[in-house]
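The following blocks contain the structures, represented as structure tokens.
The same chain A turns up in both complexes below, where it pairs with chain B and then with chain C.
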Partner chain A sequence: MRSIQKWMPVELVMADSLLVVDRLKSYIYTRYGVVRAVNDVSFELAEGDTLGIVGESGSGKSMTCMSILGLLPQPFGKMVAGRIRFRNEDLHTQSSRQMQQIRGKEIGMVFQDPMTSLNPFLTVGTQLTEGYVVHQQVAKQEAWQHAIDMLDKVGIPEAEKRMLSYPHELSGGMRQRVMIAIALMCSPALLIADEPTSALDVTIQAQILELLKSLQRQMKMSIILITHDLGIVAATCKQVIVMYAGRVMEAGSVDDIFYRPKHPYTIGLLQSVPSLEADREKPLQPIDGNPPDLMADIQGCPFHPRCAYGDAACLQEFPQQRTATTGHSFYCCKDVE
Partner chain B sequence: MNQDAQTLGKPLIAAQDLKVYFPFTQGIGFWKQHYTVRAVNGINFGVEAGETFGVVGESGCGKTTLGRALLSLVPKTSGEIFFKGKDIAQLNRAQMRSLRQHMQIVFQNPYAALNPRMTVGNFIGEPIRKFFDLSKQEVHKRVLTLLESVGLDPRFANRYPHEFSGGQRQRVVIARALATNPEFIVADEPVSALDVSIQAQILNLLKDLKRTYNLTLLFIAHDLTTVRYITDRVAVMYLGKIVEVATTEKLFAQPQHPYTQLLMASIPLADPHREQQRPHRVLEGEVPSPIVAEDAKQQQQLPACVFYGRCPERMPRCKVETPRLQGKGSHQTACHLLDERP
Partner chain C sequence: MSRLQYTLWRLIGIVPVMVLITTFAFFLMRAAPGGPFDKEKALPPEIEKNIRAKYHLDDPLIVQYGRYLFSVMRGDLGPSFKYPNRTVNEIIVESFPVSLKLGLLAMCFALFFGLSAGVISALKQNRWQDYTFMGFALFGVSVPNIVLGPLLVLIFGLWLGWLPVAGWESPVDAVLPTITLGAIYVAYISRISRAGILEVLGQDYVTVARAKGLPQRIVVFRHILRGGLLPVVSFLGPAFASILTGSIVVEKIFHIPGLGQHFVQAALNRDYTLAMGTVIFYALILILLNLVVDLLYTFLDPRVRYE
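Right, the complex of A and B next:
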């Protein structure tokens, strides 16, 4: 962590913010060059809120969360700049031992693929209690009892019996419920859910989303939900940030993003999704072209080559932050309606 | 009878009581037990020439197996498949081979469908060389036109798959499927592996190509929104059976089967106000396993209606009497509730 630059004190740290990410830059150093996975990302998350991070694959949304958790791929990934404050403590200056105290206890995680996130050799019960025993320093029996309650809470029938099952005996939806139960064992203040439903069927997805919402109400936790599905964002989130090529394109409340989008990328994204109600005869309006290669040195706005409004000005430098209304900011020098 | 008169007004491809079972055993000797996966379990449907027919369902409902069985890529267990009114089981190898020219498939994962050691031009040209007697130059010329028609630069013909993004690869796969001038294409989840902004490109491309090449498409997907956009008619599958089939318009306006209704209610709308206001009906439980033990006792315990276990409106009758696809005109539903409703 020696490479982190000294930062001028920033006054944006608000008292009620659970998590503040300030100008975060995380790069991945590969054999072929530097991938600027996260480039100047800032956001805040208040207690009890849900933040959605939307973006296509390779937009840096997962890497942002991995930076928060201190789980960047080692030894290639490095957080090169920025600050991450969690409960008024700097996360990026914590030692790896201190991070272990925070991960799983204060910050819970649910990853995309429930098939690979669970250890196939250990029973569900072992995996549930493991972290709880370490973090809360309780006896195994107590953890076991707590784990049964937790499985009950996430809607797994016959919780006591399931504690002895191995992951392969459970279906995809059940495994994801187990993952959520593991993440919530220590009642974390923040839950990071990285595409928690992309590997599941729609009916199971609806079940899991409802479960997350009701658990959030019960346990009063904040959630960062990473997804590429705008429908999920509309259903669950209060705040949204839209990412593209490692950068934040637009940030605001759900209403701002869905009803008053300002950035051409957000507008394009909203127009390119087929919906259950739009006119079927009208052709979809896709965003032309392909996402940029993050290895290349991108001049100016990364969305510029695919943007309908792009011109020479966009090539000069990455656009300044502009504010549409309070809490709604975007990075584009054009006025798009 | 005259061949033309027979095919006129008949579907291009049709299945009659099609069943595809995969048997397997577990254990040895005395403990050996026979099971079957009933992937496709008695399906009747027809795809008219020139239409796009959608098949939707959750994973494990047999939609992919259905697509493959239609192209005889997996052997069927029983039932008939008719292509232009001819039973394809009656064809010999040579006839089947020449028929394959008219039926092609686009697979889900463009990263796995391409051969990494073949240039894209070579890959698209392969079926042309197999089916047509053309000179090298003519094949190459055709490859270039195909690349252009799927929206790729003809200069890409000499490149290898790793140089392409997911969306571009899917375009290559589509170009290869078009290479033999097919009449019928099975598109098995062609966009689900792609990013949202790329999905729309491929969907528009498929729609355009269908028009220009006068294709008949079987579009298999789990995503109702894409199906709604691209298809003319849709069948909803559950556990190897079609539970509802209707024109796309009707199916989405008035879904009749409880499963279809709940499936639609499960899709989050990309509109926060409406999404938060609408009533949330969550379909409980999970799709039951299609694996059945070949044991007379256990078979009798299976409920007659495939959706019985999860249906919120189940009746005692559903357990004993198998619902048949019925309804007015083109909108058909396999549910006993239809009899109850006036």
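Right, the complex of A and C next:
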């Protein structure tokens, strides 16, 4: 993958990219002030690839994805700048009807919390089939059969019986499988998985990730995987972007990020991961401090208050993009490491 | 427990509750000062004595109570004191349908306008539609029907002359009483449904429904209204019960020959049996309405368990 170069017109950058997000800004206009939830985020995703988005809570990962789907919280969320190109179509210029055609059909999404993402009043079957019926314009029975196959695929036993269950009759892991099945019903070209496993226990986490990987191979999907968990990124992704305070701090291949991190925030995140190999004795070092208030007007580098390397120079302006190697870029004015 | 067992269990539970209510009604009525025959114009002692004997008023209280309870449990509310040739059952059977009709009209009125206003307000939250409807709702809950009724009569009956001011003969007679009785419930229902829908609008599953690319129509009707209007359903039972009892005032204002009128009259006249009978009857209706709503709920919300 080529690097994301801000000065280059998008059309020239990647004709073969499935998704190009270019200088995206999405703000939420709350009663108390403007939340700059997504602030100048760019990335691209080739067909069949997996992109990881990591960052602490509140860094704008979900809002980035909601911008892609055009589902920012209404009526106060708004995409204020940038472009999102999907299959060389500018999503922002699509009518709401056209967006409906893309949602669920071309882009599937698995949401963060399986406990609240299923409608408690409808059966699993209804929730699986309703999108398929609309998009593929098929009869209910056909959709029903397809849904049973899909439940089978995501590893739900007694799929036929489960179709008639209500969400409260299923465990968390089962619900998340159902959510994945829903997202995959129309064989989307892009699957956005927003922390698909964070609500689940470790064994089920591993199962679900395995499942996503094998389904990706079968269906040739691209995946955007959002997570706090760097271990999951290492195991599943090809490209990674590290977000902080609505901005991209560092972007590169998994190897770049894990073995050659350039940004102090990335380094901090990596140090806070329990390593499997050694040093179980060594205590974790979560990064001290809290992310900034996104309603405040942040001068310079948003990581400054928590950064061990920062000085007055970092407060001048938001750091320029720098390129470590091709495809590996970061936003820090210091040379760390 | 199955739904049928649950229903049977609840039905059986009605019996002891009704015994309690009958007991309360009986002793409260007797504890109130005054009796049915001590009006301004007292009856000649001979006649009063005959009447007291006829209605067993001279028996010990506990015997009277036992006899009354027994007959109520058989469904017989006894003879009226003031209308000597008629039983309480007859009076209820004759006048309750009028109250029921008025109550149903008011309920439909309240549901139609309350739901429309609530749904629109929620979907247009913080826009002019919302502010307008919720302004009306605030007005609606703060004006009691004893004020609203005469006000409507004054405006539409007397000044504009569009609608009759009282009576219960032709359909137009029902317009003002229906509005008077239902207005406050329009207000309540619109607020409850608005709050319920707003709550659901913030739920992840609605975002999920949108992310599936479903048309707005399906998102609203299938995913939002279903859960959002559930609080309205649980409000319907108590609401209908208080519409029925609320009609006592409205019947009085508009001279409608319903059970409410009889109840007021009976209380004033110390017509023991009619007053007690009406109370017991209303209580039974209330209990049954609650049961119906609870059962309805088990159909609407699959998570409900029967205890």
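Definition applied: the second predicted complex is superposed on the first by the 314 of 337 C-alpha atoms of A that agree within 3 Å, B and C clash if a C-alpha of one lies under 4 Å from a C-alpha of the other, contacts with A are read in each partner's own complex, and residues count from 1 in each chain.
Just so we're on the same page, a residue touches a chain if its C-beta (ideal position, glycine included) is under 8 Å from a C-beta of that chain, and two chains touch if they have at least 3 such contacts.
Predicted model, so just to flag it, every value in this text is computed and none were measured.
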{"item": "Partner chain in contact with A:Thr30 - chain B first, chain C second, else both or neither", "value": "neither"}
{"item": "Greater residue coverage of chain A in the superposed arrangement, chain B or chain C", "value": "B"}
{"item": "Which of chain B and chain C A:Thr325 touches, first, second, both or neither", "value": "neither"}
{"item": "Touching partner for A:Gln299 - first (chain B), second (chain C), both, neither", "value": "neither"}
{"item": "Which superposed partner A:Ser95 touches (first chain B, second chain C, both, neither)", "value": "neither"}
{"item": "Which superposed partner A:Phe258 touches (first chain B, second chain C, both, neither)", "value": "first"}
{"item": "Which superposed partner A:Gln218 touches (first chain B, second chain C, both, neither)", "value": "neither"}
{"item": "Touching both chain B and chain C, residues of chain A", "value": "none"}
{"item": "Chain A to chain C touching residues, read off their complex", "value": "69, 71, 75, 99-105, 109, 111-113, 116-122, 130-131, 134-135, 166, 168, 179, 182"}
{"item": "Residue ranges of chain B touching chain A (in the complex, touch as defined)", "value": "58-59, 165, 167-168, 195-201, 203-204, 207, 222-226, 228-229, 248-249, 252, 262-273, 275-276, 280, 282-284, 286-287"}
{"item": "Partner chain A, residues of chain C touching it in the complex", "value": "125-126, 203-205, 207-215, 218, 222-223, 226-227, 300-303"}
{"item": "Chain A - residues contacting chain B, complex", "value": "56-57, 171, 173-174, 201-207, 209-210, 228-235, 254-255, 258, 268-270, 272-277, 280, 283-288, 290-291"}
